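Next come the structures, one after another.
In the two complexes that follow, chain A is the common piece, with chain B as its partner first and chain C second.
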Partner chain A sequence: MQQTNAKGFQTRRLLGRVRAWFSKPANVILLLFLVALTVLTLYPLLSMLTETVTIHTGREARAAQLSAGSIAMYHFQRLFATSENDYSWIQFYQPFLNTLLVSVAASVIAILFGGIVAFLVTRTDLKYKKFISGVFTFPYIMPSWTLALFWETFFKNVNIGLKTSNGIMASVFGIYMPEWFVYGAFPIALVLGLHYAPFAYILIGGILRNMDANLEEAATILKTPRIRIIWRITLPIVKPAMLSTFLLVFASSMSAYSVPVFLGSPVRYYVLSTKMKSLMDSYPGQAYIIVGVMILFGVAILLLNQKVTNSRKQFTTVTGKSGQISKIHLNRANRPVAILLVIILLLVAVVPLITFALESVIIKAGDYSLSNMTLDFWIGRDLDKRLDQGDSTGILLNPKVWNALGYSLGLAATCAIVAGTCGILVGYGVAKRRGSKLASLVNSLSFFPYLMPSLAFGAIYLSMSSQLPWLRGFALLALVGSVKYLPFASRSGVNAMLQLSGEIEEAAVITGVPWWKRMVRVIFPIQKSSFLSGYLLPMVSCMRELSLFVLLVPTSNTILTTMLMQYSEKGWAQFGNAINLLIIVVVLLVNFTVNKLTGASIDKGVGG
Partner chain B sequence: MKKLLALLLTCMLVLSAIPALADVADDVAAGEALTHDELVEKALAETGTFVVYGNTSRIATAAEDFAALYNITTEANNLKDQEIYTKLRSENGNTAADMVMIQDGAQLTDAIDEGLVINFVPSAVKDVLDESDQQPALVHQYINKLFIYNNLGDDVPAIRNVWELTDPSMKGNVIFKNPESEKVNMNFLVMCTKEDWAAKLADAYKAWKGEDIDLGSYKNAGYKWVAEFLDNVTFGKSDTTIAEEVSQETAAGKIGLFVLSKLRSSSVLTDNLTVAQYDASAQGYTVEPFAGFMYPMYTMVNTKATRPYTGMLFIEYLMTQEGFQPWGKSIGAYSPNAAITVNDGDLTIDVWKDTLVMEDADYILESFEVEDFILQHCQK
Partner chain C sequence: MPEIKLTNVAKRFGKFVAVDNLNLDIESNAFITLLGPSGCGKTTTLRMIAGLETPTEGSISIDGVTVVDADKGINLPPNKRDVGFLFQNYALWPHMTVYQNIAFGLENLKWDKKKIRDRVQELLKMLRIEQFETRYPSELSGGQQQRVAIARTLAPGPKVLFMDEPLSNLDAKLRMEMRAELKRLHKDTDSTFVYVTHDQLEAMTLSTRVCIMENGILQQYAPPLEMYNSPANLFVADFMGNPAMNFVDGKASVTGQTAEVTFGSLHGTFHADYPIDLKGQECVVGIRPEFVHITDGEGPEATVYSTLPSGMETTVRLDKGGTGITAVVFGGVDYPADSKVHFTFSGRAILFDRAQNGKNVAEGRLELK
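Right, the complex of A and B next:
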């Protein structure tokens, strides 16, 4: 009897504990996300790992002389240890080294450029700050290939690449740039570096703007030279932000596809992502091994990052109570430095747009005379009978384009709502259960999709969708987009929640306000702009996404970016340029409108 | 429990897939015996949007005309060949294509073996076409990629022998699409190493140099030509871009290997271009041993089609003079149907078959090592 009582007591105690655990919304949220993220991120990862040892039908099975579906280490042996025809060197080692070089260089460029501008804007009395900080995020808002396309169009000449025609630099200014400047490692790293420099600007700028000025002031009082203060005080403080930037830029550059295709292929410069794409067509097993290598690198840097700084979340958060920061006077250098920056930003952010506009109205390439210009590619009809260089109607009169624009906007909005809301919930759970294993697991899992190359992520979801009949079309694209962009939203969600003091919610808890009401009435309004930024970043990223969706769209005409890629590959340059411009304008408009209406902005989304 | 559930689900999936496969195969078998009117009746009885994938941009025009003719809601999608094969393998249900128009005979052979697509030969063309154009897959048209050069300046590369393209002086002057990005280009290079073409290349070498070819470490003359050709080549993004670029006034001395039909585009300065074989024919010779290559574009019914009879009707339509019009209106597309003649100024399909390298799917499918060899020479 006593034993039964004891047992019953224990069971009741356990039940009570479970009930208490589940009565906390943060626990329920974390548990739900643990399950969901395991299915949505770990399952794809495992299925990808399975693909690396599975022999696929067709070419792969015949080449391996094994039956389709069998399990073998053939792909590993072939990709890593085939010396005949230099196979492994060509398909893996050389592209791998190129990828490392380009990704490291891009990260350094992004940190240097973004960091220096962030320093100048936050810590000096630089002129035209408003313009500089306003335009600096443009390259990130624009699709990355924008700058790559511009680079080629602007600098190509008859001495390099195809050696057939001159770009604007050669034909207008008579300046012929060397091949290394226009194609290959240098421009790829530079373009990626410039594209991701806003990460550095936002992360480093956030720290610089809010850092405690006492340290620097103390050094100044002790008559420490300025350069020594920067070297010994400022740099160590921003080091975590620099490492964060390195992680983000390195992982993104490693899986970047369009930029190496545009600027590498003409000189036979291949990176892992371009090799992965071509292998995916004929030897998917080897392509998935390359994806695995990319993920391994991402995870390694993430771990290194965590080890160095102990916790990644610390440096993406705007922390500290700053005192009065003393601004450095640039004196006579002020105007020249500001003008130089403005020129660089105009070149990177504004001139490409003008170039696209120009390229979308000329009939024959390279001829910029008025007689060679037409608005037909925008508003013409019956073009197949007159020009026959692409579609039969101009893009603004083409229902396909409007449908694709509507679909892209709908998809971006859906992904933003799903990812943004999940981001807030993850943020809430992680912040409330800070320090627990569950919280840190969910936090890491929610960042994991960032490390998966988009193209491979799409490919895995495509093969998953063939097993799930309901998962197709819009639902498939929305799910993939939401998972892929969750890291952006969860970052800003976690950061925003960490800034909130627990007392704010506690007051509402004591008065018995239900959880959802606390979220909607208390927490959300306080951190509104940070949360909204968590919605904006997935929205913007989704609007200009290509690699993630390229295999999943029902047709190339479904969304604007796949339509653009199709036109570009067919060589329908004018239509391609017009659609590119349309995408950029729409993305900028969305960004501007949301910013004006709600105060949310991209920089808050990344930087917290 | 989990295993049981997984087994049950798998069984359900397999069971749900088998009838669909068998249904479409039965429909196609039945369709081959139907008259045109019966096929129309069956097609109109089907519901839902008729979806087409094709790796030719002009499929859109053909589909529009077809939709207007039969009042059938049609959605035509122009995709790359590889995208179509990927989608055929992974798509199910209403979004999948009912019918595909596709190139690359080697991959198509695999797709047929895997049961992804089924061949349909309309009764109207059964007695008209050669057997080789009907089986294993119906050929809708042949497309040729030819050596076409810029005719400006003093240094015009009016080639008479393809070995001229391997001369060190031609380095950087030859433009071709990367064989890794379009399989038909890879297929062409692979075919050059087949014994018959290798022998012809060896003869052509002797005709060019006046001496027997020294193969060195190469297995045959085909390997040697491919290696030396690729060493001189610069890769262009697309055939349209190559056509535009080679036609530039600043591109004297350049020669490209690209689709002849690109000459129709107004962005190409056609006057600056000369098709090597046109010039050769006018002077009574041919480019030795080939003036480029030619490959078929096939039409097939998707085994997952939800409108199989409409797919068959569309195939029947494409094989008519009217259905061929979107391609036949300009040069560079050749119907296997002799009743559909070529454009003025173009050469006939028989002439092209004699002067161009054609695909042999069986040889390509077994030539993995050749592809590795080609990839090696596509690298710097």
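Right, the complex of A and C next:
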């Protein structure tokens, strides 16, 4: 009797605890996301791991002399330890070293360029600051292949690479650049470095801007020379941000696909991502091992980054007390430095657009005279009667293009809404239950898709969708896009929620405001711009995404980016350039409209 | 005008014990202060009563209704407890005007529009912030924001009002002013106030009863003057009063109600009101600074270490053979440093037992020899 009483007592107690736990929305959200993210990220990971030990049909089965579907360590042995014909060296070790080289170089370039500009903009009286800081994020907003494509079309000539035609440099100026300059490690690292320099600019600039001026003023009072202050005070304080940037750029460069494809493949310069793609068709097992290696690298970087950002806390020196930062006077150097920067930025951000525009109107490649120009590729009709290849109408009159644009926009908007909303919810849950194991687990899981190379992510979901008949077409693309871009949204969601003191919500709890109303009426309006940035980043990224969707689209005409790829594969360069320009313009337009209307900006979502 | 009852309440965060086995009866219409250094569990206690935190063990009832009981699995959400909460940083919603901030809670209670308007006007008037009705919080000074926060909290007319260090972000002058307002508000609203602070002066001046905590454990629960005069232990004695009580380590030999005490370089006889319960000899003698008198020739001699005149009173720090003793003298007197003065004790002294964690074992008169 007494025992049953005690038992009932225990159960009631337990029930009460469970009910209390579930009465907190943050707990419910975290639990839901734990389940969803486990299915959506860990399951693909596991299925990928099984692929690395499965013998696939076709060439793989024949080469391994094993029956298709059997389990073996053959791929590992083949990829890592085959000395015959230098197979391992060519297929893995060489691309691996190339990846390291390119990624490190890109990180250094990004930090130097972004960091120096961040310093000049925040700490000196540089001229044209507004223009410089406005245009600086352009390269990141534009698709990453933009610069690569520009580099190739600008510098290519008939002596190198595929030896097809001359670019502007050769045909207009008569200068034939050497191969190392146009293709391979140097341009890949440079282009990636420039593309990710905005990371450095945003992260380092953020610290410099918020840094308490007292820290430097204290040194000034102690009669420290300016240069010594920068070296001994300013640099150590931004060091963690620099390290963070390094890791972020490294991880991003490592999984970049389109840049090495444009600037490496023509001269058979491979990195892990391009090697993976080329192996995927014939030896998928080995391709998946490469994906695994890249993910391992990514995880190591994530852990390192977490360590860095945790110890960074001791450096967050924002007191908000003294806002008056004494700006360094550049004096006579001011104008030359400013003009140099403006020229570089024009080259990086504006000239590519002009080049694409130019390339989209010339009839015969390499001839930039006015007589060789036409708007036919944009607005022409019945082109097939006049040209030997290409579509029959210009892209602006082509319903296929408009359909693809609509599909792309719809997809981007869907991904943005799903990822952005989930990002806010994750941010809410993580911030509310900060410090708990559940919160940090969900936080890490939500960041995990960032580490999955897009191409591999797409490949895994493709194989997943073959088992799920309802997961097709738009639904599949939207799901993949939402999961892949969740990290951006959850980053900005977590950051925004952490800035918000818990009391703001509790003040509404006390008066009995229901949870959804607290979110909609109190929390969202206060952090509106940060949250909207969480929507903007997935939107922009999705619009210009190629490698994630390339394996998943029903037809190449489905979205703009795959259409672009199809055109360049067919060699319809003018159509390709025109669509490329269209994509860039749409992306920039979306970005600036949202930015002007809501104040949300890409800056707020990057890094963290 | 409900009473609040806490029974065996405990709160643990993992292994860390924030509040341990707390029993507290808050009578209706009281103004209770939870006092203690930061991290002592006072805010956690307040949040548990309000329902913002769930106790690991124990139960809490407000006005006879059990609002939370860990054993029975009862846990009413904050809005069902009919309470108001005033936050330390005000937690005003920055995107709403003063009017909207105050009205938002009422809209959720489904009051009709006219009633809301009347109530908000009433509060704006009561707290003298009518002219700020359409402003946003960022356009107000700290004191004005504080008033808006109070108005918002009072708007639904809660039976119990919780306040978490509401004055700590204000400057000294404004804090004095708001203290007076809060005390008046307590009388006007007829509600029970529970107030968290680390400022003993605030606790002394405002509350009907003080609950002093250290490391999650209740040290003493008594009216402020009683706590000042008869602190339960060294911690309470040290925390209450500014300048702090003088403590001098010593040895005592007890015979019934009297004890011969040697402390610092001084000797004296302690006459307690009741038998002294000292375990061993180690003790601490406590004397309030206002009971140390500086004389022209009576009593032992000491050196002036420093003098801090504040106009109305003067705090003098004396050095007696390496033992520091603080005295408070009424009026502004400036004793030159290093000059020689004499001093005596009057009023009551307290004997604390080292062996019993500084427990108060005797109160009475201390005669110097």
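Simple rule for what comes next: the second predicted complex is superposed on the first by the 577 of 608 C-alpha atoms of A that agree within 3 Å, B and C clash if a C-alpha of one lies under 4 Å from a C-alpha of the other, contacts with A are read in each partner's own complex, and residues count from 1 in each chain.
The working rule: a contact is a pair of C-beta atoms (placed from the backbone, for glycine too) under 8 Å apart; a residue touches a chain by one contact, two chains touch by 3 or more.
Keep in mind it's a predicted model, so treat the numbers as computed, not measured.
Visitor: Since both structures carry chain A, what do chain B and chain C do when superposed there: clash or fit?
Guide: With chain A aligned, chain B clears chain C, so fit.
Visitor: Just chain B (first), just chain C (second), both, or neither: which does A:Val158 touch?
Guide: first
Visitor: Have a look at where A:Thr124 lands relative to chain B and chain C in the superposition and call it first, second, both or neither.
Guide: neither
Visitor: When the two structures are overlaid on chain A, which partner does A:Ser465 contact: first (chain B), second (chain C), both, or neither?
Guide: After superposing on A, A:Ser465 lies in contact with chain B but is clear of chain C.
Visitor: State whether A:Asn595 touches chain B only (first), chain C only (second), both chains, or neither.
Guide: The answer is neither, since A:Asn595 touches no partner chain.
Visitor: Report for A:Ile526: first if it touches chain B alone, second if chain C alone, otherwise both or neither.
Guide: second
Visitor: Between chain B and chain C, whom does A:Asn403 touch in the aligned arrangement: first, second, both, or neither?
Guide: Neither partner.
Visitor: Report, please, how wide the angle is at the C-alpha centre of chain A between chain B and chain C, in steps of 10 degrees.
Guide: Result: 160 degrees at the vertex chain A.
Visitor: Taking the superposition as given, does A:Asp86 touch the first partner, chain B, the second, chain C, both, or neither?
Guide: The first partner, chain B, only.
Visitor: Is the number of chain A residues in contact higher for chain B or for chain C?
Guide: In the superposed model, B touches more residues of chain A.
Visitor: In Å, how small is the closest CA gap from chain B to chain C once the two complexes are overlaid?
Guide: Nearest C-alpha atoms of the two chains are 33 Å apart.
Visitor: Residues of chain A touching chain C in their complex?
Guide: Residue list for chain A touching chain C: 9, 12-17, 19-20, 23, 501, 503-504, 506-514, 517, 521-522, 525-526.
Visitor: How about chain C: which of its residues touch chain A in the complex?
Guide: 50, 52, 54, 69-75, 77-80, 83-85, 87-89, 91-95, 104-106, 108-109, 152-153, 156
Visitor: What does chain B use to touch chain A in their complex?
Guide: Chain B residues touching chain A: 13, 53, 57, 61, 75, 77-80, 82-83, 85-86, 89-93, 95, 107, 110, 114, 172-173, 175, 178, 180-181, 183, 234-246, 248, 250-251, 254, 264-267, 269, 330, 365-366, 368-369, 372-373, 375-376, 378-380.
Visitor: Show me the residue ranges of chain A that touch chain B in the complex, using the header's touch definition.
Guide: Going by the criterion above, the answer is residues 57-59, 62-63, 84-87, 90-91, 94, 158, 161-166, 265-270, 278, 281, 363-366, 384, 386-390, 392, 462-463, 465-467, 469, 472-473, 551, 554-557, 566, 568-574.
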